[in-house]
Amino acid sequence: MEYLITDTRAGVSRRDFSLKATDLGFDFPVDFECRHQILHGGKQEGAEVITLRVGGMTLTVSPTRGMGVLYAQYADLRLGWDSPVKEVVNPAYMELGKQGGIGWLEGFNELVARCGYQWTGHPGEDQGEMLTLHGQIQNIPASVVRLSVESAPPYRVRLSGRVDERCFKRCEFEVWMHLDILPGEASFRISDELINRGSSAREYQIIYHNNFGVPLLEQGAEVCVPVKQLSPFNERAKEGLNTWSTMPAPTAGFDEEVFNIRPLGDSEGDTLALLRNAAADKGVAMRYNLNQLPVLTLWKNTDTPEQGYVVGLEPGTSFAYNRRYQRDLGLVPSIGAGESRLFNLQFDFLQDHAAVAAAEAEVAALQAAQSSEVLAEPLVAC
Amino acid sequence: MEYLITDTRAGVSRRDFSLKATDLGFDFPVDFECRHQILHGGKQEGAEVITLRVGGMTLTVSPTRGMGVLYAQYADLRLGWDSPVKEVVNPAYMELGKQGGIGWLEGFNELVARCGYQWTGHPGEDQGEMLTLHGQIQNIPASVVRLSVESAPPYRVRLSGRVDERCFKRCEFEVWMHLDILPGEASFRISDELINRGSSAREYQIIYHNNFGVPLLEQGAEVCVPVKQLSPFNERAKEGLNTWSTMPAPTAGFDEEVFNIRPLGDSEGDTLALLRNAAADKGVAMRYNLNQLPVLTLWKNTDTPEQGYVVGLEPGTSFAYNRRYQRDLGLVPSIGAGESRLFNLQFDFLQDHAAVAAAEAEVAALQAAQSSEVLAEPLVAC
Amino acid sequence: MEYLITDTRAGVSRRDFSLKATDLGFDFPVDFECRHQILHGGKQEGAEVITLRVGGMTLTVSPTRGMGVLYAQYADLRLGWDSPVKEVVNPAYMELGKQGGIGWLEGFNELVARCGYQWTGHPGEDQGEMLTLHGQIQNIPASVVRLSVESAPPYRVRLSGRVDERCFKRCEFEVWMHLDILPGEASFRISDELINRGSSAREYQIIYHNNFGVPLLEQGAEVCVPVKQLSPFNERAKEGLNTWSTMPAPTAGFDEEVFNIRPLGDSEGDTLALLRNAAADKGVAMRYNLNQLPVLTLWKNTDTPEQGYVVGLEPGTSFAYNRRYQRDLGLVPSIGAGESRLFNLQFDFLQDHAAVAAAEAEVAALQAAQSSEVLAEPLVAC
């Protein structure tokens, strides 16, 4: 069954959309609910949020904020974080160019925030144009929102959005963003397709800014990644290079340490990145492919809970430098006319020692192939 | 009969306004319908569109986008174009200052886009202030929207909007924008009145960015303008100077060639500019007055359909250079306190050989008075 | 009795809120009405306005514009002014960075406009970031709006809003803004509380941009302030230094003269600033405390009615210079983690000779303690 919630071309906008298992017209194996809400007040006036509950899995997504995933919960494990930004900010109230291009920070509080697609990374000038922090896509409302629920095994539930990044003379990007849940699985999947509808090749960049706070993040929590090459993002990160994978308690004044990682994958490029708690009995494993997303930014922002206690595991085509620095690194890919690029991410909820240990063993197996190279200096002096 | 659809001072907002011939209370000679819609989804969330149908003529106008005319159709001839920007972008989602001042391009898809009134033209600094591309008026929602329908011949239908460009210390402009249709005529008229409500004289600029794509635009289509002086806008346009008036097929990588034209008019200043298809059996003639709009920008953007196959015939007070370059050209006029300026444009749908030939003959007659001066170099080196 | 009108966290949004004395459920000593409206059309599309009437006092407040007070009226005396900006501009249509950072001017028409809290003052760069004119708070919609009406003497009516200025990595400010009316009093009070919810100390600034036009402002109207030190804001103001306190008739081309004042207060820091008409039989006295708001900007903008005939009495932590100039003046205070700062302002309507004379006598008494120092040169050369 397919349910169209929003479609700008077809003139569809079901602002009070709500669907329960009993509305499906067939037996669905687990509890099910999808609810569309429009928020009011503050900067969230008019912002849309969809809450999708499939069995023990709950996801909240904001179509207004580029199909960003606000948080995910499976059983009693929440993925997400507590940002100082409390509201689901309607991009109508955003001004990305603020204060030299950091306006993006006024809306940033998602579990999954996409940074792209014309550019990503730090603000600054590139080729005579001012690029604002982390691109625009997270602040573009979805033009299409669609829910589909399969009526036969595996009963896949898919929430899809199309977010257009279009600017005359600059880009004609359409991005289909699919979020899949299979009843009974402790996972959800993101399958994004970037399509260049123009007739010129265009540069593009994408970083999946995936952010995790409590309860996974705590003193002694560990990030496990199979590392081919590790380097500090900047001078500040050099201090923390030796303890990059271990998470401290919330630390006033810590601000952030950022690390550039070139991960290892298997022969197909498949890899994973892991965050687990101190007791190693809860964690999240993020699975993706290095052919799609060759580099990983580790964003260690273990500041106070009030200012943001959060760690980011951010696979991308690119690091977090301004685009002008990344061409020389080979991290500004191009997409030809009519071409598309797929990006697949799976988030596994690890709910006990065994699941954590198994994921760590996978990382170890990938790492066994090659030892890590650690660079003492940043790739880019900026 | 007069119908008030929106009036901010009077507190009127008839968001579901709809009017049919049978609602008029008198016999109207042709089919008639006016429908007000509010769009949803994507960046068009909340954008208003009015569709006005009078006999065979259909116009769509967006009050939210400064009364811009999205497209016009008479019988089977459509005026307008297919921009990579697909939605009617609510200015709430615009940020004109983006990427060095080109945010305007994220909303640009109209048949008639007004560029003004504090400034127009390319982005850049003038007198210590950053001016964004093509001014602000197209991204200011109308404060008043009014429909009037005459109950006696000629049964003129007028859709009026008032768009205010007001900024403390900078300008107190009110612009009345009237769109007129006479039943049975293959034409529509724009009558704009810019009023300076302040008590200081102010500089102003306006370009009518009128844009035409298929079906008129095609390989072999011709632009006919009585030319007093022609010059390339910049280096890029020098290459195309000899073929300025002939339209190529969609051409990947063509991007754009822009030409500055000082047109010829009759003794009253009346003139016309024409675009006709290759077979010379369909076209549009734009009639206006050189005392109001002394210069014409020809914007030849015959790129691919995906990226924008479009030609602009753009009468204005000014060329498309940044304002700082146009004072020396005498193209930054001033409007005194309490004064108003009128701008009248008529768009004629030319539907057969005879109509096209007659309009071409008019151009030829104006041209007969004086031969064209062609400058090899741009007026401005920028 | 407490009435929640908006609360983003609780999901409350009573968009059609209306309350009359007869709805209160108890005897209220004077006429009472509170009405919430959503405006439509132009740039005020979606803007909220609350009109609060308590006996002879009427206040209008826009939650959408940071709880700014549009105007106040007691009996037949209006406080407020007539800006060229006519609409209650929804911040969705604002772009503060426009034209080098003066976008704020496109929405400015309030009686009380708060300028803060990360910064205030003129646009320009400070510590590598572009600061726009007068900060952001006036263009942030309130996240909580609440009305409370006491059921026993003194029957205080309080309209409260919480406006959050939050930006990841930059600030975690919450500001509670309370507006109090006591039935029968010719006064209203503002009690604001700035709370730093972050865990780092932050710089902050606030100017209460209180603006008065006709009928108080007229030729011969006087500003009375107990002055410790007076200086011209800039070169322009030097010309008017000798006549700083006397208001001229509307004067074409006057633009503005701005004066920096360090006022005198009593032993508790309490002080007042007064504007009275030429006949000295009508006026407003603004009472506040110098420990909270140590400096006062006098903004003499006695230009034409069309462009803005208005005078500002603006107590603040800071003058109107860009923040980068004010650290050396000791006017960029800091607020520690978890701390709060209170700002109290009382506006008294002076309705006859006696009331004006009494307030003038208070000013004179404060001035008696010390003579004014007048500096011929601006504090800052900029």
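The letters A, B and C name the chains in turn, as written, and every chain counts its residues from 1.
By definition in this document, a residue touches a chain if its C-beta (ideal position, glycine included) is under 8 Å from a C-beta of that chain, and two chains touch if they have at least 3 such contacts.
Source: prediction; values computed, not measured.
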item	value
For subunit A placed onto subunit B, the superposition rotation in degrees, Cα atoms, nearest 5	120
Copies subunit C and subunit A - interface residue numbers shared by over half, same or different	different
Approximate Å spacing (C-alpha centroids) for the pair subunit A, subunit C	42
Sites on subunit A at which at least two other chains make contact	46, 92, 95, 97
Subunit B residues touching subunit C - in the complex, by the definition given at the top	6-9, 11-13, 15, 46, 64, 91-92, 94-97, 128-132, 140-145, 164, 166-170, 172, 197-200, 337
Subunit B partner contacts - residues on subunit C that touch it in the complex	39-46, 83-87, 90, 92-93, 95, 97-100, 102, 105-106, 108-109, 252-253, 255, 303-308
